[in-house]
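The next part holds the structures, each set out as structure tokens.
Shared chain: chain A. Partners: chain B in the first complex, chain C in the second.
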Partner chain A sequence: MNRTVARLTVLGLLGRRRGALLLVVPALLLVISVIARGADVDKHDLAVSILGQLSLGTLVPILGLVVGTGVIATEIDDGSIVYLLAKPLPRWKIITTKLAVAIVTTWVFAAVPTFLAGLILVGTQDNLAVAFTLGTMVSGAAYSALFLLLGVVTRHAVVAGLAYALVWESLVGNFVNGAKTLSVQQWGLSVARTVAADGSISAPVALGVAVPLLIVVTVAATAFASVKLAGLTLAAEE
Partner chain B sequence: MSLPPEATANRTAAADSGVIHNIGYRSYQGPRLGRSYATRSLFVQSLRAAYGLGRSGKSKVLPVLVLGALAAPALVIVAYAILQHAKQLPVDYPQYLSTFSIFIEIFLAAQAPVLMSRDLRYQTVPLYFSRPITRGDYVRAKFGAMVSAMLILMAVPLLVLYLGSILGGLPLGHNTGHLLYGLVAAVLYAVLYSALGLLIAASTPRRGFGVAAIMGALVVSSIFAGVVFGLSGGLNGYVPESAHWSAVLSPSMLVDGLVNQVFGLVGDPRTTHAPGALGVAVFAVEIAALVVGSYWLMLSRYRKI
Partner chain C sequence: MAVITIDKVSRWFGNVVAVNDVSMSIGPGITGLLGPNGAGKSTLIHMMSGFLAPSAGAVTLDGEQIWRNQQVYRKIGLVPERESMYDYLTGWEFVLANAELHGLPDPGAAAERALALVEMEYAQERRTGTYSKGMKQRVKMASALVHDPSVLLLDEPFNGMDPRQRLHLMELLRRFGADGRTVLFSSHILEEVEQLARHIEVVVAGRHAASGDFRKIRRLMTDRPHRYLVRSSDDRRLAAALIADGSTAGIELDWQERALRIQAINFQGFTTLLPKVAKEAGIRLYTVSPDDESLESVFSYLVAS
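Take a look at the complex of A and B:
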């Protein structure tokens, strides 16, 4: 961790109006929860579909994508990363600092609203709010690490990340069950299932598979990103 | 000034043999191609850029991948229908576009910033405006290019379906009619999506941010509409007609609903459709308002540059 790098990253990520734009995500979640609270539908199913599909399934990947690539890819893109790389600071420290900022931002903008939405929808029933918050936190961290790596590896990080989050996790995952084993979203769901009351959430991936995969992906992505940043080529692509 | 003697000798010899004639400054007197030619060139260049033509190999990867991903299922569907000796295609033409809309949205999200953000980022927009083309021409050319690029993207799989089913001996009249429905849907998708996508892309010089914002807006709005649909009774066995009003919240469901209702493609009450004549009017007006509003905002955004 380096405090200056962290401060600059936060400024780059949330400075100007960008922080306000990111606030759209939690605001939307809370608005839907308040609307849904008044509807006469089964509250439990509703909470599982809103927290599971909307929050964990869509908002967290998109937020992770914006934040994970935003902490480093924008700097690489506009070339200002050279001033950071020229400082006597180990590259892995830059990566871990930026990752920490990304993870904390994802938690603030996704996990906290998920918890609040859960409380609004079902209160403390079945432990759903806490369960989905934990699921959001672990998958948010994994997404941040994964998308930060993409930001270092390719100029088209956002498109590649979208292809993974939407095409692989949603589209392919719907048809091919095996694809769900390799999906950050399902790992988060698996963690949520363990915390929630028995039978209230269904997740296709076992916890014994999900947790090691989460840890391996997060750590490996961070390590690989450090290696890649150590040998970064700064060249215009087009 | 101590050049070696042979060098000075060479120089004087060269000066003797070559004379510079002062012909004065002459401005270009020939014909000029004018504003419309420049706009057309910008349109062609933008359309090519949308598919990465004339650019590096890397920028061709994504458009080609998306085009392939959108066209490949059409081949499979046609092959399946022919092998099964089916009376008609298992997926109707407009339904094909809404089923695989994720690829259309990815294409828009990835390529709209290519057209808009790069000019802003490298500050080439003022250079365009120092030529005869006006701000309106610039927006028109970019909008036309994006709409054409998306039309090409959607027309290819539809034509694959059509040609395949005609060659496979499926009824000609039915397929031609439904191909036209599909093409109308494609035009609506192209115009609405391009207007929204280009507006978002024009508001940020950062490509990555533009991609995420476009995709976020489209995906989140359709999930939001889905949740509202569910809340108003869409998850029950019997779907009330009023639940379909939720489609006004999402651009993709808006087009899908309008096309399904106008062309009478509603087989089952769960299919997205505009509820009644009032629904058709509201959906059509909303699409028009979104397109015109986005276009106007884009114009006013470039007026400031």
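Take a look at the complex of A and C:
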């Protein structure tokens, strides 16, 4: 961790207009939860579908994308990254610091609202609020690492990330059974299932598979991003 | 003593060769890297600053490879050409952040010293996003100098500066050169390079075209036939008067253009001769335009010779 890198990253991420943008999605989740609370349906099913589909399935990947790419892709795009790179700083330190900022931001803007939404919807019943909060935290961390890597390796990180989140996670992950094993969202769900009361959440991926995969993806993405950053080439603008 | 050595370096992007088998050595004092736009100056500077790997050859600082070697930044200060620099920070915050990133023992004092050096204290509380081009350039300089580097690399530092800012920056660079630091800056303007650098490296179309003392290069560039296109109230009489003088090598009457195409031998001699001759003969000059004064033609002449 490097405090200066962290400070610059936080300022860049939450300053400008992105800070306000980050608030919109969680605010939407809370508003929907408040409205849905009044609906005359089974509270438990409602909570599982809102927290699982809307929060874990949509809010977390979107935030992960905005934040994961936002902590580094913007700087690489506008060239200001040279001021970080033209320093005797180990590249992995830059990456891990930026990753830490991304993860904490994702937790604040996705995990905290998820917890609140859970409380609004079902209170402490079946431990659902805590379960989904943990689920969003672990997948939020994995998404942050993945999208940060995308930000380093491609100039089209947002498009690539969107394609991944929409096509792979939402389409393939939801319809092809085998693909679920390789879905960050399902890993998060698997963690949530373990924490919640027995039988209250169904998740296709076993915890013994989900946790190692979460760790491997997060660590590998971070390591690869560090290597790529060390060899970052600034295109000659001639 | 810090010396950057470029040894048989080539760099290509796909099929395009940006730098072609260049070897040069840049030592203490000010060196100007001169060449037309697209000649490969930025590519060279990117390789010298560790942001681009050479496709072939080696770029080293005091014998140490620069590419993928973060430790070289203890010695190198880089002033990039691009302007973006954390617009939401004030000048002070920006320079201080750079000092901290270098891991300096007293970053506050270092930032203060660097900002004083470029005389930017007066605007250090303003956000860099509000700075003019010249101010940005100076704060970028401060950020590059904050760790007191022995090598300073500047990519087109005078671009977009007004004359006063230009003079100020030149004086600053002169001081660093006199301190025994290795200063390298790129430019596509001969006059700029000539005013500042005693040693000049010329690159044209990716090749190392010339190297050495500025007087030698100046001579190479000016002692060449210059072509002018001249229109006057009486082209024939003017032609007759001019051909009598030694500084003209040939004159052609261009009927279609209704103008004279004049080949001058000596640049200085001809530019003083022409108005004098015209005045004495009572001829009015309507157009005097250099035919081949574009930098590319000057450089291509240099390459051909």
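By our rule, the second predicted complex is superposed on the first by the 235 of 238 C-alpha atoms of A that agree within 3 Å, B and C clash if a C-alpha of one lies under 4 Å from a C-alpha of the other, contacts with A are read in each partner's own complex, and residues count from 1 in each chain.
Just so it is clear, a residue touches a chain if its C-beta (ideal position, glycine included) is under 8 Å from a C-beta of that chain, and two chains touch if they have at least 3 such contacts.
Since we're looking at a predicted model, the values are computed, not measured.
Contacts of A:Val195 after superposition: neither chain B nor chain C is touched.
Looking at the shared chain after the overlay, A:Leu119 reaches neither chain B nor chain C.
When both complexes are overlaid on chain A, the residue A:Tyr83 reaches chain C alone and has no touch with chain B.
After overlaying the two complexes on the shared chain, residue contacts for A:Val172 are found with neither chain B nor chain C. Of the two partner chains, neither chain B nor chain C is touched by A:Val130. When the shared chain is aligned, chain C comes close enough to touch A:Gly231, but chain B does not. Put simply, chain A uses residues 78, 237-238 to touch chain B in one complex and chain C in the other.
Chain A makes touch with chain B in their complex at residues 18, 21, 25, 28, 32, 35-36, 39, 41, 46, 49-50, 53-54, 58-59, 62, 65-66, 69-70, 73-74, 77-78, 155-159, 162-163, 166-167, 170-171, 237-238. Of all residues in chain C, only 13, 18, 37-43, 46, 49-53, 68, 70-71, 73-74, 76, 78, 80-82, 84-86, 88-89, 97-98, 100-103, 143 touch chain A in the complex they form. Those residues of chain B that touch chain A in the shared complex are 55-56, 58-59, 62, 102-103, 106, 109-110, 121, 206-209, 211-213, 215-216, 219-220, 223-224, 227-228, 230-232, 235. On the chain A side of its complex with chain C, the touching residues are 2-5, 7-8, 11-12, 15-16, 78-80, 82-91, 230-234, 236-238.
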